[in-house]
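By written order: A, B, C and D. Residues from 1 in each chain.
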Amino acid sequence: MVDNAFKQIREEAYAGNMELPKNNLVIVTFGNVSSADHGRGVFAIKPSGVPYEQLSPEKMVIVDFDGNIVEGDLRPSSDTPTHAVLYKHWEDVGGIVHTHSTYGTAWAQAIMDIPIFGTTHADHTTLNIPCAPPMDDEMIKGQYEYETGFQIMNALKDRGITHQDVEMILVGSHAPFTWGKNAAKAVYNSVVLEEIAKMAMFTLQIHPNNPLLKPALIEKHYQRKHGANAYYGQK
Amino acid sequence: MVDNAFKQIREEAYAGNMELPKNNLVIVTFGNVSSADHGRGVFAIKPSGVPYEQLSPEKMVIVDFDGNIVEGDLRPSSDTPTHAVLYKHWEDVGGIVHTHSTYGTAWAQAIMDIPIFGTTHADHTTLNIPCAPPMDDEMIKGQYEYETGFQIMNALKDRGITHQDVEMILVGSHAPFTWGKNAAKAVYNSVVLEEIAKMAMFTLQIHPNNPLLKPALIEKHYQRKHGANAYYGQK
Amino acid sequence: MVDNAFKQIREEAYAGNMELPKNNLVIVTFGNVSSADHGRGVFAIKPSGVPYEQLSPEKMVIVDFDGNIVEGDLRPSSDTPTHAVLYKHWEDVGGIVHTHSTYGTAWAQAIMDIPIFGTTHADHTTLNIPCAPPMDDEMIKGQYEYETGFQIMNALKDRGITHQDVEMILVGSHAPFTWGKNAAKAVYNSVVLEEIAKMAMFTLQIHPNNPLLKPALIEKHYQRKHGANAYYGQK
Amino acid sequence: MVDNAFKQIREEAYAGNMELPKNNLVIVTFGNVSSADHGRGVFAIKPSGVPYEQLSPEKMVIVDFDGNIVEGDLRPSSDTPTHAVLYKHWEDVGGIVHTHSTYGTAWAQAIMDIPIFGTTHADHTTLNIPCAPPMDDEMIKGQYEYETGFQIMNALKDRGITHQDVEMILVGSHAPFTWGKNAAKAVYNSVVLEEIAKMAMFTLQIHPNNPLLKPALIEKHYQRKHGANAYYGQK
């Protein structure tokens, strides 16, 4: 039986997961979306290895922020400990997405930040999209997915930035993670990241050593959407 | 209530906006189309940040050529002042489109004109697709979107060309704008620009330093479609 | 009224034209297919500038091999004289296709033959896909589309090959033409050409200066499909 | 009449073949899937040159492991002897796929292994995807498709690896082959191979001379999915 208390996060996680193939961010089962309820200290996440077309809200697995299964017959995504660590430390984050989207993953495999080249990028963050370094061998051999969460947080810390400054990151040699206030926003960020990754790669093909976007444009575009006087979108 | 006088431009703007995702020119809400009525001195434009699938003719916002809202409950696109400036100065232009289409934006981020390499390009203009330089910091910090309109007009002026010579431009570090006698033609120009941008990038990948198309072919293909003796299309 | 004698070529030309957008070989109106009846000395071809979704067999224009309209209210494709010249000289060709497909056009814009790098290519021809040089200025200023037909035939002649050795060509600075025993085969060749063009470009990106396919493989794959002892496909 | 004993492999081969166009792995008729019944010593395979939309389970051809037709009115795929040789030698393999998928074929045309650059790759094998060298001229002129099977097995042997270590290979100058415990898994491997091929090419475009994935990550990701303690997917 399914606890009604988790109905909303099940539905949000389900809806988010179904957006991944629709937006060409995944092939086969290469991605997962979760939706958190910080009040109850749990999140709903995709079951591991189950094709998207076989998903339903009921099949989402309910897990607490220490990675323990609270409700569900299926195994949760193998990346569940990463989601758990991040929710535990980021109280304002309601949704997390992990994909192996093609262009974002290519940058991750190159272990390079995605440079800020245009206003499409600046509309979403003032920073290069960070690429966390690949983990130390000890961390990899230990609790790998759990450590991945710390690797993400440490990469932000090492650069002196927060998860609010940039809602997306590449894990070096691996692939992108994105987050947001809810699952829908986190999925939106995955869609945007893939487009930014593609545009940046093409920009360098047209113009190697392309300079970064100038500060005035970075500031202007970010503030249009995010500042105190933001005027993009509806009130 | 909706003024019947604006019915046609609402419908044309709506139809134009719906063409953007259909032609893979936008993701999420990255683009807007407007349709002008020069007789009434107004244009209809997409509301800001509203997903395409939620649009309707009634949701288009009616704005005058100074950027004042004439009719509509929603905020117009944040790029509205750019459209307004261009309509005010270009009396024969009935439609304007702004997108962040992938390949066009990559050229804009490289701050480079798209070189004329083939007859596909020459069928639409005899010129390289101009890339306006990024704006001065003062303009960016001022009325940014309003100044973007002037940046476009000045870039054409600096090259000694008019908005009739080339119905498309890249704004450096930003993205493409296109225009035409009506919204449908402006959207057509956005579709063509993206294809030309893609072909030009691939041409350089196959053959770096590819020479420009020779003048006789430029002239011939442009005149086939646009000259006094044009014979492309139906009478 | 429509002459019943032309029913079959109208239908074949219509069906062929509708395959172009379906196979992503064209945007807007950038391509045309014709189907010939050598017994009657005529061919059916797409009307100029008409969007594919508005086509019907009845709208195809019937033209003779000198380019004169035999039946039809619409203007035929502006490329009609090229088709006419080729049908006049190639008695065994029943279908011709012209597109501005993206990758094929990029090679044409680079004015380079598409090198034979693999068996996908050798399954269709033993030769590099030839790129005819751009035409002389005099030919361009004269009967341009008519001369395009001769440019294609001369390019084959200059290389000592025939239109049966390779059923596809690039016209330098312009775009691809393909042909075949009927319109369906000509369209098939356009689909194959675009894929070969794409694979060849990617091969060079992975391995610049990639060597050509070795002769034994060229011969083997071509004979599998085309030789006296061909064993590909059904009898 | 159709022998009921072959019903299952006919259906599996049919379903697998239909997945190829659905996953954009083939154009026209460029690919074939087979499904084997080792108990009966036969496999079902696509008929040669028949478009996917005209296929049905009944049209699959039943062939034994020496390449003799057991049941079916149509000619089997011209690549049938390659499938037969591999089934004869690999008792645990129930499905084989051959495609000319774009990116995989580009690597094959470059005659290069696909380097292991990220965890997407390591999730499926710890090895670079091998590219078998093009065959000797004698083998090409002899029983070409039969020898292709040996070329694949020899390429694995020369590297001291088995068909269980990596379920995919490129045949140099030609295209990919994949296999698996059944046809569905073999098709899955073709989908994955194409994505890995694409990501690796893009990685090199962003970062030429990109280093290989470090051993700890290779081991970790492969064991997550394949080791004795694998924890990816459902039990």
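The rule is short, and it goes like this: contacts are C-beta pairs under 8 Å (C-beta built on N, C-alpha and C of every residue); 3 or more make two chains touch, one makes a residue touch a chain.
Note that the structure is a prediction, hence the values are computed from the model and not measured.
Trainee: Taking each chain's centre as the mean of its CA atoms, which one is farthest from the centre of chain D?
Mentor: Max centre-to-centre separation from chain D belongs to B.
Trainee: How many angstrom lie between the centres of chain A and chain C, each centre taken as the mean Cα position?
Mentor: Here the centre of chain C sits 46 Å away from the centre of chain A.
Trainee: Please report how many Å separate the Cα centroid of chain A from that of chain B, as a whole number.
Mentor: That gives a centre separation of 33 Å.
Trainee: Hey, what residues on chain B touch two or more of the other chains?
Mentor: Residues 205.
Trainee: Is the chain-to-chain touch network here best called a line, a ring, a star, complete, or other?
Mentor: Contact pattern: a closed ring, each chain touching exactly two others.
Trainee: Can you list every touching chain pair?
Mentor: The set of touching chain pairs is A-B, A-D, B-C, C-D.
Trainee: Considering only the defined contacts, which chain A positions touch chain B in the complex?
Mentor: 23, 117-120, 188, 191-192, 195, 198-200, 202-203, 205-207, 210, 213-214, 216-217, 220, 224, 231-235
Trainee: Mind listing the chain B positions that touch chain A in their complex?
Mentor: Listed in rising order, the residues are 27-28, 30, 47-50, 74-75, 78, 100, 102-103, 105-112, 134-135, 137, 140-141, 144, 173-175, 201, 204-205.
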